[in-house]
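One chain, chain A, links the two complexes that follow: it is found with chain B in the first and with chain C in the second.
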Partner chain A sequence: MTDFSVIGKSIAMVDAAGKTTGAGKYTDDLSLPGMLVGKILHSVYPHARIKRIDTSRAKALDGVVAVVTGADAPNPYGILPVGHDETALAVEKVRYVGDHVACVAAISEEIAENAIELIDVEYELLPAYFDPVESMKAETDLIHENRAHNIEKDYHHVFGDLDKGFAEADYIAEGRYLANEVTHAAMEPHSTLANFELDPHTGKLGRLTVWSSTQVPYYLQHKLSLVLEMPMSQIRVIKPLVGGGFGGKSEIIPLEIIAAVAARAARAPVKITYTREEVFWAHRGRPRTIIDLKTGVKNDGRMTAVACKVIQDGGAYCSYGVVTILYSGALLGALYDIPNIRYDGYRVLTNKPACGAMRGHGTVNVRFAFESQMDEIAAKLKLDPAEMRRVNLLKPPTVTVNGLRVLSYGLPECIDQVVTRSGWKERKGKLPKGRGLGVACSHYVSGAANSIIRSDMPHSTVNIKIDRDGSVVIYTGASEIGQGSDTMTAQVVAEVLGCEIARVNVIAADTDLTPIDLGSYSSRVTFMAGNAALRAAADVKKNIVSAAAKRMNCAPEDVIMRNDRVWNGGTTLSDYDFTASDSLGEKEAARGHVDGQILRGSVLQTRKEDGPKDHMSFEEAVVAAIDFHGALTGTGSYAPPAAARGGKHKGGGVGPSPAYSYSAQVAEVSVDEDTGEVTVHKVWAAHDCGRALNPVAVEGQVIGSVWMGLGQALEEEIVWKDGLLMNPGLLEYRSPSSTESPEIECIIVESIDPEGPFGAKEAGEGSLAATIPAISNAIYDAVGVRLRESPFTPERVLAALRAKKGMKRIEMTESVDPTAPEKFREHGGSLWFRGKGPMRHPLDPARQGTNAGSPAGGGD
Partner chain B sequence: MKKELIELRINGRTHELAIEPNKLLLDVLRQDLGLTGSKRACDDSSCGSCTVQVDGVPMLSCTMLAASCEGQEITTVEGLADHDGLAALQKAYGDFGGAQCGFCTPGFMMTVRWLLANNHDPSEQEIREALSSNLCRCTGYSQMYQAIRAVIEAEQKSTPTEMVGAK
Partner chain C sequence: MSLPSFQLLRPKTLDEAMALMAKYDGQVKVVAGGTDLLPSMKQKLFTPPYVLDLRGISELRGIRSGAGGGVEIGVLTSLSTIEHALPIRKDYPVLYEAVKTVASPVLRNMGTIGGNLCLDTRCLWYNQSLLWRKSCGFCLKKDGDLCHVAPGGKFCWAAFSGDTPPALMCLGAEIEIAGPTGTRRTPLSEFYVNDGIARLHLAENEIVTRVYLPESSAGWRGSYQKLRVRGSIDYPLAGVAVALKMRAGRVEAVRVAITAVNPAPFLVKDADAHLVGVVPTEEIAGWVGDLAASTAKPLTTSALTPEYRREMVRVFAKRAVMSAAAN
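Entry: the complex of A and B
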């Protein structure tokens, strides 16, 4: 059936009014009686051993209730079972400027900040590693003792016969690409509120409730249990509204555990909210990535082999790193038909904040390299870049050489759409000088087929309760983070039950109330929680249908539920005119009194009308079902099928997904050859999301992805100086403002996936990766320079333009190359360090003669 | 710092408050009055999430002393809704996807309200320039323009005295 009554129509998010009126509550909007404010002391050194922490002066300050350090919660944790290398507060060592050292809980923010200054920490400085290539040479003073050469993980995969593949090639392209580091910069700074209830019998601390800005409440519950040594059943995690995540809240951020540790020590509720600068230090963004790529092609553009070496600058902790480096290799497959692939990935530790998962996890930077190199090959072989992509299409259903199963595949139509709409054939190469068009493609998983913690449990479960008043309550662990997960769930259930969406209430992401769901990451929610919701609704619908069939004297197969009505489809009533006047809200329900209780119309009717009927309202059907079956509940769950779980090779668990989204984009840019400034005029973005359950939300996700890719392409860049972040603010870390954001035309392509809920797939991430190479390729079309390092800032574009003309490079700013630490420049000042700036690196000439081991909180 | 008594007029009501003279307007709104619609997102007046109107002009409440607003009319996002429903702009932001995570939305509401109050038919460029005082990380701004355009068109179609919702 393709005639839907709820899905496929654009509707406002079910929580939209709370957002536009300011009534919706995010974590930092919450407070509890007696709540304390927590403030965190961070490391000012990139790599140092903690010799001594003295908190006595801080504890003595009036208004301070508790001061906690690493010794209060020494159990290690990490989002991946193989990467339990973090502690909430530093134990023995700090590993980056900004590492968490101690936390003060006090009765006011001001007192907590003052107390932070009174904590004495004595450090012994250790050599620090800032560049991944240098870091890999390390023999001593390793960042983590059990990681030789500071390599978190390396993988070496070969699929097919690489030598044969390259031998068959008519042309082989080779190149190095560099994507600099970017971060999520979600508008809501991380925030956590933790509260212990007192045990009613002993008066000791009992159950813990944590409200947190998280994409993964169940993982948070798990890690809290690990660190606090409490059973998971004693911990309740509630996710209020979340102000954007993009992956930055998809793992456990230290403050989430620190707040609980501080609340335990203070025996009072503690709320910690990061400052914006602390958010930048918490990071978990997309790592700086060095990509060496080699592609062999036939003269017609068909690829014969790809060899890719990736080095990721992972920062000081594992975080999602092992998964990131695997995604970078695995997602070389499943977009095009590549018969032979070699992948060498190195995830390297450095003394900088940990990188983690960010929108398009693992695939974005490699896709930039790959699509750029395709464009170079097309130019070399004089092929149309769009055509070259067409000759390399997969022929689904298929399993790629690296074990990824592809069923639905809307990429051909995506390419057709953007080529047609952008006027590619007529305009490419014919625009005025300085203006150009570029094309690129990308794809992404609709959730990982294998969960982080290996088990056979379902990835998503949804419960539904329907009561006599006709209200449908959905309990889902899926985490709404602004992407529309609650709305999607409500739509799917309303569609299956044939009821108005206004009947549906979604209770989400509360570990006490909702069944387990892995969380909002790797674009898994629509596919997995959507399928679980579909099954739960079908489960509960069975009982309504059987009761309604009895009431209407018809077979259950004949019962139709739609538009808030239930009728016997075997009669002429199948073409009953269900006009808007029947819909919920517009009809005046009869009211009356029974035994002193005020009852709504439907309940009264069922008591009066017991005879056969040929149609009934949704409420009547529900009441009939409850009278017949008792409580009306349904449950459904989803686990990816075995066929979609990938190959058996080491690391083969990352990359497989039950379905992949596809995207093709054309960008139109102009380049100012005097200044190197790139202006993006328009992006045509076609995205195959399987089926658009809520088209306005799909467009919002696609446009948002393209826009975020545009930011990484043009201006977003985390700049380091000896482990010190140079731009930790929303003004310094530049994301495109409304005046710099071009028109993005979103074209939805619906390939109808055989396993997705109503055929739906991923929409929130896949488009991002195509934008960066589309812009880079358009710059090449405009001015003939190939940019192999992102972002394409005026400085880099101008340098490339001048190099092409054989002119000398203009050094507009001093080098910020982390491989050249002999050069130093002034730190621009910092809110978080109260303008004092942290201590300098020991090699810094400005530090010569000072005491390297002086306490923190000093500065220069 | 010793607290002092001040009177602030917010959303048409007068509040008597004892606050430190150095307390920021945003903190007074969020902590002392429980008006948590205005958000703190950047700490340094670069993102606009804390935008309120002071005497009808959008101001960043995160870098403004509460005590300096005495005698002025402060409007926050909580003062924006119509008596029994959403203002046209609020409804349009929902319908057109102008709000995703919603954290920046209250700030945008205050900025756009000022724009539409002062310019009944802003050009695309004028809308973009007005919005550039606020940051959003979700939407890429596109669907916000659609929402704002819808509100403008609906207003232009309606009689001058009658307001209608978007769509």
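Entry: the complex of A and C
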């Protein structure tokens, strides 16, 4: 194994101090002189035409500087070129409760809030669609006129010969699975601060600077340019610290554009920070999904064919939807060897907040169904579920039937590890009543091989500048969102240059300063920005090495840079000589050579030119290189190789990746048979991340993924009532607390990818998808009930248990059998339009049209 | 979401507080820990012109021995103080069990026993922002004439969601209430109104000042069982408290109370008929469970279906009886 000095070491995140002490600045911490607060008026109807907006009363309120509506920024946009169906503020229609209608910029939050109550909107109500299956039947009042039957996009893929595959099967399993909707619930709510400078020549509004909590500064710059009709060069996007994204900030969220539109109208800086409720409406989470899955297997468990139909309840806008529905199908491949695959995917529009990308994008719900059905098959055929997975392994290097190239493949070792460590063979099926073990696997891309916007440009570029003080400055567009992007970049560069990581300063995600990078999504940063950083460091290292070789009178090949030292490897000096207590660094410090080296460096070098040296400090080498070459800079970029870019079929661009991560997990649970409550005691999670560049960071990502999966498995669920989000807050949307978080034993498997930076692949997302089926399978092992609807809340588990035991039926799950769900359930109770009563509150929307005195819409 | 504007009143003594309450009659909301009131104010459920902050009145803070035995707890005493008070843990274990389940450690540091007693009733259709409620239509409890939980009904089903009152009711606790004409003392079990809007027998110009735990229930064994989705933070979705006095292996006295499944917490009637004089068994405890379940009338005011919550009252009452007897 290669011996590294920075790579493979568990080091603290380079931004840890600011985040842990509170000194770090997130977008909402920023302010500018004269800054205004923006507040947004949202739609109270799920689907309505806007007949009239009157902002005059709001504008007249003391302290209000500007009020903007859809007319102020009518250009449509969207993260995908095929999905430009959003406007920052509603132009003709509102499409969900919470859709953005108008924005007030005022001198205080309270005034802005009061002002939005004074905006009068007259709506014409339209029929609304809340269930995706019902929505697909729509002929009229479509959510977007150019989307027939409210279908955003459907794909029908066949790879191999399905009929032959199923004919060869000894056993075929079929079932419907439902996964309810979840959202990211990142700690930091979205926040944007926008400010225009005056053009020095015209005095008109000139350059725009936007600080925003985003995973994708460059896409934001691009969409701002589109909507504001400004050249990209006139827009600077800066990403301050981001308090978690998980995909919820991986596209342009309305407030990011609204802040700029409001700042333009107000001619003053405007900051908007979403309330937690607004974050839930902005959403872009994981859609409710119906999965109809059919798997054919031989008696030994080998799969012969898989047919999968997926319906995603996408909400009112496209967002990443086309990509989500493609990932759901494409990543049926690349985990196991499946010779024949059919996939039918429907991304459906409904009058609810838009779904988008969320950790494990597109793969998670299908993986829940798939791994559950494997477990059902194993039970039916009396196979060990872990063994069944082993007989279906891929044999890399290979290209799957749907065109995915797999080189490194640590899944076999992942399975071995969790099977061994959990005592699977000895304990499975032999635990006390009510306790069980379940296994499941998952995988994920290390970045998409094809970018969203078709182009030949590199996906990541990194620049490096090294100056006479010996400081190494990295300029990268990659966006640190808490996952360790900056730290990874610093580590890669420090390793290549052989310098201490403390020398390295990362300047990231500022479109004026840093070269373009597509952003932090699809787990692309380590692989792509990491490779770019590697190349940039190698580029700048060339010049240091050649200068050092001249100084040391040796061949460049003999120059070794490591641990902040540079030496002639042709001599007997070794790394060890420099780490002894009388190291060169201390001696030089004592002679005062380190101090003042910046200015006197070349003098010093000249004076010391009394013979060839056999070793130098990092600074000496840098000063020598600058003396020889002038400015010391390097650049490197990365684009995925053509061989990794996938098949030519329609939609074949989504799914291919230069490398895939692999995960296997065993969950140990117990089920309280009186209450249906599931306790997860332990999860063994093995993750193949190629090489672990920073093991503690990898563990953090794997544990975080398992924990997020645990939330979706047991507790988290967006609850709807006729399009109204019943739980838009962290009290009623229940992410697990520390008390029910199990012990997670993270096992890092290093398959060393041939193309990854130092062999690294992704670590941030791939583990999530295995957790949900591992828990579901463990519940089955514990009490013999098969939950096909997630999350496995106590009421669902108890309903299944009582049915299995033949106990008296209690209707606890609103007519949806969690073991054989047909359709999504709705929260009980009723909305206003089902109620009655003549005397309503003046603000009650049900008064519309009945009260001639006040404006129609009643002060909405 | 910003807090609506209000004037903050900060009395140093109870007399000063009563004078302010009289002066701004009917326009004052009382705040202690603020963990319940402040989020609701941000949601514009309350927009009082005056907020009276009790925290400056030091006489209302602390746990003391009662004059005639028992224990006296000032309403400003934080829930975590009660949780960590050894006499409570030793002599009134059901209160200890209940108090340690309230919300989370951070919220228990701020939240007070008085606030937990006077908690507003909760409903998914009510504890929402102004804009959400506009979208849904205003309900009976705030600004409207509808009930989304029981359409067409004129009764508010918002659920009382405090954890400590059922435990205190099992202990026969009394509370002291200060009003314009002096103080009165009432059993806690008579403090609540089974109506999500009326909620409490507490006039607008009255303040709850002290809680009394009687000597007679010191040493009673107890158990509190709470239904929630998360192991922390959550309000109860159902809760059952049992306190009982054992002599020679048999139950000598017992009280059972439930919370979070009705607009008020309730003592379960006739639980003693099953239990007094007997050695508790699973079967007998099950009968108590049936009684408790029949006292519960949960509706769709919260997460988890009403049918499930009611079933859990049955399971938890049974468990609480067995657990209390075994403690």
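The definition used in the following text is that the second predicted complex is superposed on the first by the 772 of 860 C-alpha atoms of A that agree within 3 Å, B and C clash if a C-alpha of one lies under 4 Å from a C-alpha of the other, contacts with A are read in each partner's own complex, and residues count from 1 in each chain.
Keep this in mind: a contact is a pair of C-beta atoms (placed from the backbone, for glycine too) under 8 Å apart; a residue touches a chain by one contact, two chains touch by 3 or more.
The shown structure was predicted, so the numbers you read here are calculated from the model rather than taken from an experiment.
When the shared chain is aligned, chain B comes close enough to touch A:Gly22, but chain C does not.
In the superposition on chain A, contact is made by A:Glu277 with both chain B and chain C. Of the two partner chains, chain B is the only one touched by A:Gly700; chain C is not.
Contacts of A:Val719 after superposition on the shared chain: chain C is touched, whereas chain B is not.
Contact with both chain B and chain C is seen for A:Leu731 once the two complexes are overlaid on the shared chain.
When both complexes are overlaid on chain A, the residue A:Thr793 reaches chain C alone and has no touch with chain B.
By the document's definition of touching, of the two partners only chain B reaches A:Glu188; chain C does not. When the two structures are aligned on the shared chain, A:Asp469 is found in touch with neither chain B nor chain C. Within the superposed three-chain model, A:Thr739 lies in touch with chain B and with chain C [touch as defined at top]. Residues 275, 277, 731, 737-739, 831 of chain A are contacted both by chain B in one complex and by chain C in the other. Within the complex formed with chain C, the chain A residues making contact are 42-45, 97, 109-110, 113, 275, 277, 674-676, 715, 719, 724, 726-728, 731-732, 734, 736-740, 793-795, 798, 810-814, 827-837, 839-841, 843-846, 860. Interface of chain A with chain B (complex): residues 10, 12-13, 15-26, 28-29, 184-189, 241-246, 273, 275-277, 481-484, 696-697, 699-700, 703-704, 706-708, 710, 729-731, 735, 737-739, 741, 743-744, 831. Chain C contributes residues 1-2, 4-5, 104, 124-125, 128-129, 131-132, 134-138, 143-149, 151-152, 227, 229-235, 300, 303-308, 311-312, 315, 319 to its touches with chain A in the complex.
Of all residues in chain B, those touching chain A in their complex are 30, 35-44, 46-47, 49, 76-78, 80-81, 86, 89-91, 93-97, 99-106, 109, 127-129, 131-132, 134-144.
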